[in-house]
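Pasting the structures in now, so scroll down.
Shared chain: chain A. Partners: chain B in the first complex, chain C in the second.
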Partner chain A sequence: MPFVSYREKNQDQNQTRGDTMKTGFWRNILAAMLLGAGGLANGAEPIKIGSFLTVTGPASFLGDPELKTLQMYVEAINAKGGINGHPLELIHYDTGGKAQDAVSFVKRLIRNDKVDMIVGGTTSGDTLAAIPEVEKESIPLISLAGGIEIVEPVKKWVFKVAHTDRMAAAKIFEDLRKRNLIKVALITGDGGFDKSGHEQLLKLAPQYGITIVADESYGNKDSDMTTQLTKIRGSDAQVIINFGFGQAPAIVTKNLKQLGITLPLYQSHGVASKTFIDLAGDAAEGVRLPAAALVVAEQLLDTDPQKPVLLAYKKLYEAKYGPVSTFGGHAYDGLYIAVGAIQRAGGTDKTKVRDEIEKTKGFIGTAGVFNMSPEDHMGLNLDAFKMVEIRNGGWKIVE
Partner chain B sequence: MLDQLFQFLVTGITVGSIYALVGLGFALIYNASDVVNFAQGEFVMLGAMTAIALLAAGLPLPLAAIVATTIVVIVGLLLERFAIEPALGASVVATIIITIGAAIFLRGIAMLLWGKDFRSLPPFSGDTPIRIGSATLLPQSLWVLGVTVALVVLVRLFFDRTLVGKALLACSFNRAAAKLVGINVRVMLRLAYGLSAGFGALAGILVAPITFSSYEAGVMLGLKGFSAAIVGGIGNPMGAVTGGLLLGVLESLGAGFISSGYKDAIAFLFVLMVLFFEPTGLFGHKTAERV
Partner chain C sequence: MRLAGFYVFAVAIILLPILFQDNYFVTVVGISAGLHVILAVGLNLLMGYAGQISLGHAAFFGMGAYASGILTTRYAWPAPLAMFAGLTVVGLIAWLLARPILRLHGHYLAMATLGFGIVVHVIMVQATHWTGGPDGLSGIPTLDLFGWPVDSDLRWYAVVAAAMLLAIWLSLNLIDSRIGRALRAVHGSEFAAQMLGIDTGRTKTQVFVVSALFAAFAGSLFAHQQGFVSPDSFSLMVSVELVTMVVLGGMASTFGAACGAIALTLLHAGLVVFEDYEMLIHGALLMAVMIFMPQGLFVGLDQAVRRLLRRSGN
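For the complex of A and B:
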């Protein structure tokens, strides 16, 4: 019996030793893998940039170039050794333009992915929905959307880099005053961008001594606006402003020509793309609009500090994806303001990075020269827009 | 004021003829199977987008239009063969849902093929506006109106004077009885889908110079065309045209005299009123259920 029992015990011991050996084996493999991974990144932990953009859905023409730009530059920065020796890691979610999804993705970015900061929010709706979460969790956010409400009133952790519709409205009115045109007819669509622009135009008009003598609207998918324009023809307007994007402004432009109305026409920065000129054809000649410098990069004076930045972005993007859009440019601005702040802060401490973003001065981006301050979390002034006119199927700076 | 009214009417007719042309396409499939084909708008979009792509590839406009229409007819036939025919015994509602699925599928394909940008087709006979008194209209609108009238006459003749047309109608009235008298229901269905797709494509090509086109242009055009068709009495080609023109003129007058913000509300209120008082539409068959 004792013999048997000994053997049993021995067997048991062998069994246990075998298990230990097995676990040890896997532990070694795991350790080796970890070491290997650490070795690849030179032992530096990655800096995690989170992003939530509208890559699909109706606003995809905004979010798609933004994501491509982020991916392209994160790759470029990592190829040069990252920031202070740390590689960048981009974690991205597509909201499809749904604000409720934006909120849950931002929560996931903060809690699960533990990102160091967030660049994104393609649309104002997405950004505004995400702001309470960002403020609560104290994490820096640089939005790529246009709405002025994002930074007005100033929120501690929220910044933005895209032009606002108020700036576009102000730029148009400035140009009207120069030409002494003060009686204005408005025609706008029924989308969010159109309505917000419409509101800013109405709000700013008195400051520039401008009277709105006609105010018409249309559905963004309508195929004919001659009725509204006929009414405008019946008013004593000296100039027409159409605020919108997509195909509707092109139809308005064509309808004006069809009706033989010769009043000058202003469009918004929403149509600053080659597509608009292609759709409206000859009717687009002479149309004026405020546009980001990216659209007219080649025409800028060589002394313009923005010129090299714009041309470099354009070259890199067009070599990879085709024609640039100003929206992709916003992603460039957002990413590099973030990178600059992390570099100056010497790490990813959230409070330090936030303070450094706020101290951004003289940053030359695609949208303009940024000078942020505790009162101004966007840092662009009206110079960021150029007034352009469409001539011979191309853009011409007219200021 | 009178000048304005005249332009409002001309605009209304221009827009209305677009709705009418798209609305016409709904009649054929409805007449063959009692099904409202919600992919009709997508046929319109496919016609426009294919023609634009072919034109860009270097084909002359008339050839591009013919080839595009042929391609869309083939798409219509494939849709019938692989989505509708396998569900031949299914209820009308189930078939309608299949067409909604097909619409989403076609839209997705168009987005992958041509991207999300709007594209345009050059007008057939220039874009010098034609003056009628104080009002102006584009030559392209005359093309739309002309083709609409021609198609109405053709469809009318097809259903009233040809054996095939009558056989098609018979399928919708009573499929089993039609089969018993020797009508091949499957062939009739294929014919209806092929013709509808062709009509849609033609409509798309004609209106593209005015409204432009993109992968989702079919949604709005389909909806307005459908409204035109039900106001006039779905299945009746003459009804679709009257419905379309009425809708267009109402929208234009509403925008002109009341407010451009309520334009669609006024038009849809009218649709509701018509359906309330004449549930089968202005020119619809008065159907009687035998108990």
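For the complex of A and C:
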């Protein structure tokens, strides 16, 4: 109301003193601008979301789509007027995959940038390194990484949205049981993702009545795995599982074909991208892997509640940046779980936001339907993965 | 009078957190700058004064850090004891290594120390059972100094600042002693030094061990302060960065090394905001310093200030 009364008064003055019309006009503009700016500062302090991602370095194919997704949706949310009238502000740092940098960037986000919460940690290594700081400073963190150790045991302030390697292992074993393949040969790399997947496969095998008859490993930078595969050929394995991401799984796939080994091959969700099919070429035909629904969005039944979410994300992302990857999808899930929690909490009070994240129920994201609880800070179940097979250079759901 | 510079520096370090309370660049970046100063001052004893290059100093830093990390998390040792054990082990390894390695000169010495650094890094990555492998070791408890837990940024600043001042003070005194003069003689000409009756082998070994101990001490503090260590922090690149700090600041000057360490740490923290251009600006600045201040940042700035004073005097 003061705004209106000021203008009315000013207009009266202008009428009585016509010669100062011009100054009065500019004074009005100035006053309006000042008031406007003041109003903006009062009513809409930005909500600061911090992020630390691996945008460069060996895991950049994970972090790059994540950052693009975050930026795209923060912009979209702000275009619609922000959250409860507050614009979102994204502050992000690139760790380059160095865990130690993750620690210093998280400190920087908390102390220097004073963010309200953090979405990020592209890799498990980065996230695990940052957890002690996050717990100490009591700030909600939603990780985009896969490792089960992030939420097991449950940590008060830490949540995650990406599928775990244990889910991938379980999904593969489930499919093996259906096909009655019980003698398995493992071949894995020496990276963090590979090692953690390897561990989960060994741990879960007995539960599914599966015997590991061969267990080979390679270096992720190796350019030939025929030695290991020849050894596997010598075993009585019925099926081969390769757990890894990047170049190496493509080489394994190609080497198998070159050696004329016809055993069925399972890969992990780490290769659920078009790049893998391009790298492995013909040899990729018939390879099965657990993948997030995003890569097969069009094939989902129309009754699937995830379908519209996936197609909408895909459309928006592809219009701007090109083919989607499941990893960018994790950033979407993380951001919207955060936004939902802030909306429900009615502000950025850290404890309230944390409690609201924990109460996330039935949130339909790209990775699946999330139902968090005090015991489960991820909230996805095995249905979140689809078993897909590569056919004619594309993905096909085989369930 | 000899230590006048030191006292001025000490007062500045104490005043900083009082003037800038709760400032990220003082209480967080400042801690990492302080640790770098300890490392650079230690390396400078070896490189700047004795003229022996080491491209494997991150290994000693890492060994100190992992010794503290492993002993406190896996065996629940008290932190000071773990730190002492780490220092003993590193000192012993450095002593064993020094004799054969320091007989080498120039490129060969660089190669040998480089190799040592890589071997230690590989062990950190592969010995998963002990070190936690590439994912690192987390949950390292913070330091507890006789019932005074070092659990806030400000307390850590105090501890690291004290350690840093101690390192600088030790270095300044060492350089001004008989050993220091022997070191400089070795740097000038090893043969001439021998002719003067200096046991060059012993002198070089001593300084190598002292330098490694400085690094291990910084490593141990680093592990407790971060609560987490991973092999990334002790890679070859870190060794190279340490050498850069010493050279950038100005060789054969304790304050030069300290200056280089602080400048490089602040530069890194300050340039992060430029994202993709960070490395570009970083490289350009380093090149500019080396071209326009070939004797290093410290001497260069010192001369610039003097010139300015003289001009204003006229």
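Basically, the second predicted complex is superposed on the first by the 357 of 399 C-alpha atoms of A that agree within 3 Å, B and C clash if a C-alpha of one lies under 4 Å from a C-alpha of the other, contacts with A are read in each partner's own complex, and residues count from 1 in each chain.
One rule holds for everything that comes next: a contact is a pair of C-beta atoms (placed from the backbone, for glycine too) under 8 Å apart; a residue touches a chain by one contact, two chains touch by 3 or more.
This is a predicted model, so every value here is computed, not measured.
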- request: Answer with clash or fit: chain B and chain C placed together on chain A by superposition.
  value: fit
- prompt: What is the contact status of A:Gly191 with respect to chain B (first) and chain C (second): first, second, both, or neither?
  reply: second
- prompt: Of the two partner chains, chain B (first) and chain C (second), which one does A:Ser217 touch, if any: first, second, both, or neither?
  reply: first
- request: Examine A:Pro153 and indicate which partner it touches, taking first as chain B and second as chain C; both and neither are also allowed.
  value: neither
- prompt: In the superposed arrangement, does chain B or chain C reach more residues of chain A?
  reply: B
Message: Tell me the contact category for A:Ala99 with respect to chain B and chain C: first, second, both or neither.
response: second
- request: Using the touch definition from the top, say if A:Lys107 reaches chain B (first), chain C (second), both or neither.
  value: second
Task: Classify the contacts of A:Ala250 with the two partner chains as first (chain B alone), second (chain C alone), both, or neither.
output: first
Message: Just to confirm the value: shortest Cα separation between chain B and chain C in the superposed three-chain model, in whole Å.
response: 8
- line: Check: chain A residues flagged as touching chain B and also chain C none
Message: Can you tell me which positions in chain C touch chain A when the two form their complex?
response: 22, 24-25, 27-28, 32, 128, 133-136, 138-139, 153, 226-230, 232-233, 269, 272, 275
Query: What part of chain A is in contact with chain B in the complex they form?
result: 60-61, 190, 216-219, 221, 223-224, 226-228, 230-231, 234, 246-247, 250-251, 254, 257-260, 275, 278-279, 281-282
Query: Tell me, which parts of chain B touch chain A in their complex?
result: 4, 7-8, 10-12, 14-15, 18, 116-120, 127, 129, 136-138, 207, 210-212, 214, 219-220, 252, 255-256, 260-261, 263-264
- prompt: If you look only at chain A, which of its residues touch chain C in the complex?
  reply: 93-94, 98-101, 103-105, 107-108, 111-112, 124-125, 128-129, 131-133, 191-192, 195
